[in-house]
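Next come two complexes, and both contain subunit A; in the first it sits with subunit B, in the second with subunit C.
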Partner chain A sequence: MSIASTNRLTPYLFLAPAGLVLAFALFYPICYMIYASFLDWNPSQRIGEADFVGLRNYFKLFGDDAFRESMGVTLKFAAVVVTIEMFLGVGLALLLDRNIRGMSVLRTLFILPMMIAPIVVGLMWRYMYHPTVGIFNKTLKSWGYEGIPWLSDGSWAFASVVIADVWQWTPFIFILSLAALQSLPSSALEASKIDGATGWQQIIYIKLPLMLPVLIVTLLLRLIDSFKVLEVILVMTNGGPGLSTEILSLRINRTASEFRELGEAAAMSNLLLIVLLILTFTMFIYNKAQEVRAARMRAAEEEA
Partner chain B sequence: MSTQTYDRQNPAFYALLIALVVMAIGPIYLMLVTSLKLNVDIMSDSSSLLFMPTLRNYETALCDFLWYEPEHLRRCDPTFGRALTNSLIIGLVSTAITLVIGTMAAYALVRFRFMGRDVVSIWTLMMRMVPPAVLLVPVFGIWTFQFGIDGTRGGIILVYVALNLPFVIWILQSFIVQVPIQLEEAARMDGAGPFQVFFLVVLPLIKPGIAAASIFTFRVAWNEFLLANALADRNSRTVPVTIVNSLTEFDIDWGVIMATGMLLAIPPIIFTFVASRQIITGMTAGAVKG
Partner chain C sequence: MPEIRLQHLRKDYGALTVIEDLNLEMADGEFTVLVGPSGCGKSTTLRMIAGLESVTGGQIMIGDRDVSHLEPKERDLAMVFQDYALYPHMNVAKNMSFALRLARMNKSDIETRVKEVAATLDLTAYLDRKPAELSGGQRQRVAMGRALVRDAGTFLFDEPLSNLDAKLRGQMRAELALMSQRIKKNMIYVTHDQVEAMTLGDKIVVMKFGEIMQAGSPEELYRNPANKFVAGFIGSPTMNFLNAELVDEGGALQAKGEGFSIPLPDARKGTLQAHKDRKVHLGIRPSSFVEGAGGLKMPIILSEYIGAQSVLISEMGGQRVAIEVSTVAPIRSGEEREFMVQGDEVHLFDPKTEAAL
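After this line comes the complex of A and B, so read on.
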């Protein structure tokens, strides 16, 4: 009896600590945030003292030009960054998928930018973009050109931030697509070679279609992460000049700590979370669909 | 490995490889070089290759830990030393806690069939997507007014454990699935209880997974800025927070700040070189099957 009851309890005992932490430190705060987004709340008040204002925070946000601009910057940043990184990452993977010495060293070096603290990445790039001591302008000046206002002009600042993110995250896509490439069935490639397919034909008709499931998941993962970027931009430009690089996470931080409007910041966090939830669900449903399809194909093979 | 043959490539290919490597590690190298320079050398227009490397910036940053007094310093500023201690404690403790309770949860999710397993899996996957910025407001409010643990290391550790758990559970699941169930059954036949099976049979078999998970966890705790900034007070600030704080001043001391940046970057760099294979496994798990 006692053995049977411990056995029945075991899974819950194993799950309990993680469940408790997640419930108190992750799930509860998120619910709290959803509630807080309906309050007029500043940091010196306890939440019970804040006034309930219904949807006012949301209406205020949609009427707020700065918020709309920040939303636009976020979407533009995510779209530009992910597009460039996908092209570069997949391209490099196709190019470097060869049997060469030192590939593992190369991969190790490529992970470095992702492992280093985003704060430090921002620091390095801010230094390199520096108008007088930075390497870019120093080089330009030594070649006799004018220096570029990397971080002090709106559109240049956006480009600079994009470049830094591309530097940091292209390796992620490169490594995932390389792994996908190397797990492709060699029979298909050999068959196409015998049929006389050129390198390009192999890429377009065989490699890319077979990699597609992985590429779509990679794209969604990267897209989700690109909405989380914060520290690099914070260090480089702090959202400026003007609002040209102020992505949503930065705006949340500023609304909470500078403008002291916790309710509004919570409303923004909510909107960001909804966007991310939609993306995550897309990914989840896509994964499930793939699994179902694979299972059906396996079943069909067994029947045949 | 020595018997493996490699294809010959044309020189342009190697040129491209070298260019890529330079691009990937150039900025890091530049940071290292700058951290070894005096401000006079950083500001000068002349070629950046000729300078006397000096450890002076590191001495300034770490003056708290030195057994001698660097002669160029009039007064030792303990901010960075304190932050480094905080970062180490917070990183190590939160990694340890996350791994212990994360592996247990992952094991339960994989091995025991009980109601709601699928639901839990979906939830962990969704929680993985929550960005720290979204947690900023509620965590600040709850930690300050309800739990009363703002400004303590414990408070920061709790956030990091919660933030990392979903990913750790998710990644360890894929490793635990591969442990043959026969092994566990054999151990149970020999009279081992569920906890013994877990600690003595399963844990040793999933060491690579644990290595990957601990690197990712430590990295998040070590690198995170936003939540630490909101929660920490003067005595519990972590390194990223002090770096950003020293940046807001107008006159940036590039040499010292690059030295602190380098110190913050060194642990992840070491992990990368020691365990790149595990890191790649962790990164590709889930997206690439097999």
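After this line comes the complex of A and C, so read on.
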């Protein structure tokens, strides 16, 4: 082999270990999962012993009310959580985008919840929601009100897990929005002041439109994450009461471990994966479109 | 249009005082240029007038209104920024009409106004474009247009031409001068470029370290600079400064330096008498040298031929001087020529206070 062609191969040589790891850690399990979704597979069987049933698992899922409900809960959870978090996160960023002494400390405090392990967050909130010793009900009772069945009533339980998720993930949107805000051209904001814009008008006509690219990517990232949520809800409610908080990943977990239907669990996982892939591709395409647009503008500018 | 007055204006940033006590009056419809080196406080002054910086002390009066603590939008002004400050997400028409839309002007009026101004600025073809799709010069014109559609009482310009290349800058300068003739409004223009100041200003305010060194018409500043700083700042090529001594030779005052002596006119005798036999700084503009027989023999160290003019670098009493002469053909370096300086074109400065004598 000539030296030149060896040189051309060098980067691939260095990439090979990572490629191997990726193949084993990512592609192998995914292929395995796709294959498993076509099987009627019980955990006591080896995969070779399982019967091939084609698409039966998928058809079964579409007729399964519990799965549909779980899908509904997941969609509702993602929609509610991401909407609230976007409003709060962006609002906080707009509020705290100023140079006041101690602001950097405040900002650090704000992003702390994001750094706590989800299991811990779940445990923390479970104790706070505790019907008798939890801080919420204790406080309510000390004010003379009745306690709220935070985790034991279906609709309250859904609200409770939403609150916990909002508490943990609003900071994520907050820091990204704040970064976007601080990179806005300050002179354009000054110009809008001279043009007569009030604080609100500045936000609506200048700040938000200029932040939009970052906000869209943030929204998609959060959406992807909220579809995958598991630990916090697992610890807090384990999907209950009833199916009120059983999001898809919990359903998958139960199908595999409780109902011992590995094939069906794999089929659910695949459906979830497809949803996530669609979201990821949306983000990817959006980013590409932005890049293309920027390139076109640069070209137009050079031409002009 | 009201006159603008700055009274005892002061600006502190924490413990740092940028402007201590600034007093300035701008007449009705006057084009005022604030000029000075970077850090002289000219931009800060402009931004205080605009309302983008808070005022630490003193007052800004527009007409008989004290606007010192009003919001920018309550001051009836329009501003053009150094980096144009266009709204990147709006097209040219939207950029220009933003203020009018905020003021809830009716749609058809807005459209006519924008079209009118766009036509005068040659922007009609670009109304649908976003700022990123425009060249530097076009963006500059959009920024100008955005200010013009406002029809505000006062126009502020913060180094609006400094991001353009030299050729475009000259072009835009001329357009600006024409525009200011057409719409007689209060204009306050900040620049560090003395050529812009001289060509545009009805009144030039030279600033240094937050203080006004001199304020006056371009001619006044050029002919009678109040101090050495203004003398050195205004005029291109820069004024030559030489060390000399005032001596009385047979009843006539002379500025005498190493190897030269320039007789001063009798008219200045009265004021200069007090400085007799003292050291002075002599200021001679490069254009004040006149070539002629019987003058001082000066070696040409370097000759910069520009065309109709040449700038010659020479030496006078061991000090470098620049001489500007009209030339037909290039003058070669290494030659020796004779030059004279008229006594009434010489500026004298106190070496300590640097004030003009």
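Definition applied: the second predicted complex is superposed on the first by the 297 of 304 C-alpha atoms of A that agree within 3 Å, B and C clash if a C-alpha of one lies under 4 Å from a C-alpha of the other, contacts with A are read in each partner's own complex, and residues count from 1 in each chain.
In the analysis below, a residue touches a chain if its C-beta (ideal position, glycine included) is under 8 Å from a C-beta of that chain, and two chains touch if they have at least 3 such contacts.
Remember, it's a predicted structure, so these values are computed and weren't measured experimentally.
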Quiz prompt | subunit C versus subunit B on the shared subunit A, clash or fit after superposition | solution = fit
Quiz item: In the superposed arrangement, which partner chain does A:Ala25 touch: subunit B (first), subunit C (second), both, or neither?
Solution: first
Exercise. Report for A:Val120: first if it touches subunit B alone, second if subunit C alone, otherwise both or neither.
Key: first
Practice problem: Mind working out whether A:Ile204 is in touch with subunit B, subunit C, both or neither, as first, second, both or neither? | Solution: neither
Self-check item: Contacts of A:Ala289 with subunit B and subunit C, given as first, second, both or neither
Solution: neither
Exercise. Have a look and say if subunit B or subunit C is in touch with more residues of subunit A.
Key: B
Exercise. With both structures superposed on the shared chain, find the angle between the C-alpha centres of subunit B and subunit C as seen from the C-alpha centre of subunit A, to the nearest 10 degrees.
Key: 90
Quiz item: Does the superposition put A:Asn99 against subunit B (first), subunit C (second), both, or neither?
Solution: first
Practice problem: In the overlay, answer first, second, both or neither for which of subunit B and subunit C A:Val217 touches. | Solution: first
Quiz item: If you stack the two complexes on chain A, which partner ends up touching A:Ile278: first (subunit B), second (subunit C), both, or neither?
Solution: neither
Quiz item: In whole Å, what is the nearest CA distance you get between subunit B and subunit C after the fit?
Solution: 6
Quiz prompt | Doubly contacted subunit A residues - partners subunit C and subunit B | solution = none
Practice problem: Write out the stretch or stretches of subunit A touching subunit C in their complex. | Solution: 185, 187-188, 190-197, 201, 205-206, 209-210, 212, 297-298, 300-301, 304
Self-check item: Complex interface listing, subunit C residues touching subunit A
Solution: 50-52, 71-73, 77-79, 81-89, 98-99, 102-103, 130, 132-135, 138, 146, 150
Quiz prompt | In the complex with subunit A, residue positions of subunit B that touch it | solution = 5-7, 9, 16-17, 20-21, 23-25, 27-28, 30-31, 34, 42-43, 45, 48, 100-102, 104-105, 107-109, 111-112, 114, 120, 122, 125-127, 129-142, 145, 158-159, 161-163, 165-166, 169, 193-194, 198, 219, 222-223, 225-226, 230, 240, 243-244, 247, 254, 257-258, 261, 264-265, 268-269, 271-273, 276-277, 279-280, 283-284, 286-290
Quiz item: Once bound in the complex, which stretches of subunit A touch subunit B?
Solution: 6-7, 10-12, 14-15, 17-19, 21-22, 24-30, 32-33, 36, 41, 43, 46-47, 92, 95-96, 98-101, 104, 106-113, 115-121, 123-125, 127-128, 132-133, 135, 138, 167, 171-172, 175-176, 179-180, 183, 214, 217-218, 221, 224, 227-228, 230-231, 234-235, 248-249, 252-253, 256-257, 262, 265-266, 269, 272-273, 276-277, 279-280, 284
